Amino acid sequence: MTITAAVSGASGYAGGEVLRLLANHPEIEIGAITAHSSAGSRLGELQPHLLPLADREIVETTPENLAGHDVVFLALPHGASAEVAAALPEDTLVIDAGADHRLEDPEAWFRFYRSEHAGTWPYGLPELLLGPAEAGTAGKQREKLRGARRIAVPGCYPTSVLLALTPGFAAGLLEPDDVVIVSASGTSGAGKSVKPNLLGSEVMGSMSPYGVGGGHRHTPEMEQGLSNAAGEPVTVSFTPTLAPMSRGILTTATARVKPRAAGDVAATLRAAWESAYDDEQFVHLLRPGQWPATQMVAGSNNAVIQLAYDEHAGRVIVSSAIDNLTKGTAGGAVQSMNIALGLPEGAGLNQLGVAP
Amino acid sequence: MTITAAVSGASGYAGGEVLRLLANHPEIEIGAITAHSSAGSRLGELQPHLLPLADREIVETTPENLAGHDVVFLALPHGASAEVAAALPEDTLVIDAGADHRLEDPEAWFRFYRSEHAGTWPYGLPELLLGPAEAGTAGKQREKLRGARRIAVPGCYPTSVLLALTPGFAAGLLEPDDVVIVSASGTSGAGKSVKPNLLGSEVMGSMSPYGVGGGHRHTPEMEQGLSNAAGEPVTVSFTPTLAPMSRGILTTATARVKPRAAGDVAATLRAAWESAYDDEQFVHLLRPGQWPATQMVAGSNNAVIQLAYDEHAGRVIVSSAIDNLTKGTAGGAVQSMNIALGLPEGAGLNQLGVAP
Amino acid sequence: MTITAAVSGASGYAGGEVLRLLANHPEIEIGAITAHSSAGSRLGELQPHLLPLADREIVETTPENLAGHDVVFLALPHGASAEVAAALPEDTLVIDAGADHRLEDPEAWFRFYRSEHAGTWPYGLPELLLGPAEAGTAGKQREKLRGARRIAVPGCYPTSVLLALTPGFAAGLLEPDDVVIVSASGTSGAGKSVKPNLLGSEVMGSMSPYGVGGGHRHTPEMEQGLSNAAGEPVTVSFTPTLAPMSRGILTTATARVKPRAAGDVAATLRAAWESAYDDEQFVHLLRPGQWPATQMVAGSNNAVIQLAYDEHAGRVIVSSAIDNLTKGTAGGAVQSMNIALGLPEGAGLNQLGVAP
Amino acid sequence: MTITAAVSGASGYAGGEVLRLLANHPEIEIGAITAHSSAGSRLGELQPHLLPLADREIVETTPENLAGHDVVFLALPHGASAEVAAALPEDTLVIDAGADHRLEDPEAWFRFYRSEHAGTWPYGLPELLLGPAEAGTAGKQREKLRGARRIAVPGCYPTSVLLALTPGFAAGLLEPDDVVIVSASGTSGAGKSVKPNLLGSEVMGSMSPYGVGGGHRHTPEMEQGLSNAAGEPVTVSFTPTLAPMSRGILTTATARVKPRAAGDVAATLRAAWESAYDDEQFVHLLRPGQWPATQMVAGSNNAVIQLAYDEHAGRVIVSSAIDNLTKGTAGGAVQSMNIALGLPEGAGLNQLGVAP
């Protein structure tokens, strides 16, 4: 039995990537392709790389057009998805690539978005450790996605950060109040909106920070996941930077190591990450000495991770690389869909990066 | 029944791309992975983007290691493949990504390579028009690949040029002595050899020509294919340039239109290209007004083409974009393998580019 | 005595580059800095690389604000400069970086711009050969700029093309009806307008053509200069492409060599280019074997040129590289200003590229 | 009276940049241009962007060739400069762009370089604050450079880090044991050595960390400068990353703010940075809301800085951008030379970036 999927926001980068993955998915038939200002166009005019879908018409994003599918992907501006989802049947799997349903704390939502919180949906990061390892039963987020009919896709930065740091927090190895994260993102992370600072002439040959000083909306999402894993409140200092590349996030995340991590600290740390990801097909702890590069994961659903213990500074430094559009958005969405629907978790997804 | 394939030259870009495609191929099991100076390493050290193959050992490129497979891919320096192929059974499918067996004319080979010609193998460009349309029976190269056990993969530039221009020559619409081609290639086309001019610091922000004045070894290969299609000798002026990107070839090919192309010349021209590629799954004439960009085809096996008639100059200008490593090398090789073995022509290949 | 200069269009790339050069000019004092939609801003908000001018206020582009300067640079949309210039005194040096006053033929203007021709101003390409060498007296454009009070800055593509090909035409060595030009430009050539296809995500990793088929507005300007040099009408086929870099134009220009170029054709050709540029400080014929790269000239006022004779195809292939914003726009403007005002021709200009 | 300068290591990026700046310097005449493996070549073969020097011969790096100049620039592998300097007269100004003479602590040298320390030379960072502000008399490094005849040019990363953080440490506002720094560097920082990971194909579209975990040799240099400014030992965690651009360093540096920074912490912090750099011509605290980008400073000797107070995390985040080859190497060297020789500090240097 074929599963049908509708994709909204199809003119943007997130929507385009969802379509790219679904077009390769053995179990999915792509139904309605919707957008707003470009409704009426052929997809080939806006996403010319999706050649097999070039002649498909883009229709308006309305509940009517999204209805009648088994799965609906929402890649909409924040604030828009709750209403659309409310108009869809409860047994339709709705996957929101936007921010609306990620946060558990309505106050954190309000502080960063200045609007009423739309509610919390299961968080689409299957590999996320849910609590301290010593508690023994917390497990991973994967379990919460089975059978789900509403899923909130994580932000791209939080995906890279949570995969990088939760093993250490869940293992009780890291201090909660001294986490510093600097991420470099490709420009597609800023979307397809035409702002002067995103022009090719401006970004090529240039690195720049933005949203510095705690203001980035992804910060509470990071703290939520890290705090859950740690079993205590975690505070992060997060600085995103824009890098001269189209795709990819490289995160450098550091935290102070707790004194309890005695003995061979480096080995203790490595063991925590190994045990967290040994069974994962899309999250890979690289062999010692090899460091992540965003090119390794381009176009794939992989996250690659490496860590080092800086004894001098008393800190662990964790580096993670993902493709912001794949594992960071559309790949995470499809992977979560697979789990929710009971399909093979990797269906339609790729473990092979496109490099060089 | 599983088909086994060995891949030589696995440490380079061509070999890496063959492995990437084979790892996604539903009918192929990857056997020996061979190289020369990096024999003994794990593949993950050299091709870290191929994560599922990371632990596979690279063995020395020897006839013994390549023997016992149904298919052997050779990605070796020119001059090396004939000897290796001679040591393999005749019923092994040997696919040479190098230049050794592409040219039909031993003199042309000698002029450009200064060594004895190793013989001609069926040319791995299935969509190539083999002769003038008026002759009626020439057909395409695809037929010559069915059941073949030796295949010469075309050069990356010739692939982009032949797909761009053969429809016009086969239709008798273009003058044979006034063809000018300028191509821009990503740096992976120059391979993984560490030369100063290929350093990132040198290539970023820079465009430069090379091999100017007829010296490029791909020129006779272009003339061979165009002359066959035209049924008369075609001479080309070809200038390759190096562009600041990793992958992709954009070819701008122009030729003077013959006077016989009377009436609505633009429509006559378009019709020739349409009829050549209407049934092809990997070669796409874009809708009028849309022009190729290498990003459209990144990581895919597609070629995208557009043409315009410049009435003022009396020329047709054809633009084609391919991924030099996929359709231009490894994708063409796998597609030809599929045809030779009677598999679905598109098995393991992708029509979806990775963009942006 | 200090010379004062006003710069309009100061928020764009051309205006910014004029300001960069003038701020380094020993004889110029920058007066009014004007723009339209960003009037009222500080320059530092729009051109943060011009730190010494960061606190200067941008005022509205009006005749009043531009009045009272010795020199006025216009970097305005086409169609706007004639009116502004008319409001300025005749003895003010007005330098128009736009297209309005470049063409000598009103019909050519109308065909490409669909508006009334605003008249022809002296063409700001000092090194341009004005006629056939055999005529003996044509000389270079430099002479026409001395004392001029109205100057039309050449387009960036025409600058690269005219410098590449006029020596051959002036020497009577090239056929006039078979000129094919393919240029690759950095994205700053398209200006600072926010169009989706100029987003960093779209241009990085991508090459694409545009304006194919004779439609580019720079074509008549090329034909004008080449025809003048040849003493007969020259027709060109010109295809511009967009390259993934911020600055730079690499032009590949080819023409069929006339039969009269007998004997050692390569030497005859080289001699023509040598004699054309031997005395020039900003146009350099590279030593044999060395080919232009846009990185060589970044930020400088240089043009670098190399040529090869392709005996096989009977064509000369000339490669030229310039910085589109410097020699291709603002540098050419300042160089022309220097000549018009009797200053040292190289004042404020740089012969040293910023590389790598 | 003209001052003569010899430049060793002229085939590399640092040496090339020294030559670029000296060629623009009004008081300097370039004497011997030396290198090792490329001795005998013309400079134009190796540094084609330095057109006015293209015909200059590169001679072997020997004391004889370097002798007889007023200034000698050394851009040599570490370990080589002490011997060369010893062979030069004491009144020759020797400026070492290498690491040999930067560190004050021989043990720190030995720990990172495993060789005997060559001694400490005055540190070529004029704007460096030398001690706590409360002490009142420490001043800046500039004073120590006047009349100096041996100067150690800072590392490029330390330049960006020390300019970013010393104002806060000198003002006593920052905790010394919780400093986290992540820098992104263009590939020219890794030099012109041909390593596979520096190939254009590898670096374009990719971000990657290296030397993670305290191993980077620039760490002790950072700690030395910060500790001096703070008047107490400062420990840093430093992670460098490689960015897909040729030039530029963007540093994100964070430190915990001391409780004593009470009241309006943000204003107190900003005041410290303002007072440190208000009089500097090459170090610029950007206006509030504007953040550094490496493009702003390309080719210039500027450092641009911005800071934010992250109240939530209790940290200050400082962002700085420099051109690694100019302010980070050759520009710092020339600026220090100017001070040592009593020339205007900015002679031959540029405050205008080349952007876009």
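By letter and in written order, the chains are A, B, C and D; residue numbering begins at 1 in each of them.
As a working rule, a contact is a pair of C-beta atoms (placed from the backbone, for glycine too) under 8 Å apart; a residue touches a chain by one contact, two chains touch by 3 or more.
Keep in mind the model is a prediction, meaning the values are calculated, not measured.
Comparing the CA-atom centres of all chains against that of subunit C, the greatest distance is found for A. Looking at C-D alongside A-C, one finds more C-beta pairs in contact between the chains of C-D. Between subunit C and subunit D the centroid-to-centroid distance comes to 36 Å (mean Cα coordinates, whole Å).
Here the CA centre of subunit A is 46 Å from the CA centre of subunit C. Within subunit B, residues 13, 186, 188, 199, 201-202, 204-205, 244-247, 293, 295, 298, 356 each touch two or more of the remaining chains. On the side of subunit A, the complex with subunit B involves touching residues 13, 16, 20, 23-24, 44-45, 47-52, 54, 188, 204-205, 246-247, 284, 286-287, 290, 293, 295-300, 302, 304, 350-356.
Residue ranges of subunit B in contact with subunit C, taken from their complex: 178, 180, 182, 184, 186, 199, 201-202, 204-210, 212-214, 219, 235-237, 239, 241, 243-248, 250, 252, 254, 256, 291-295, 298, 306, 308-313, 315, 317, 319, 321, 356.
The touching residues of subunit D, counted against subunit B in their complex, run 13, 186-188, 190, 192, 194-196, 198-205, 244-246.
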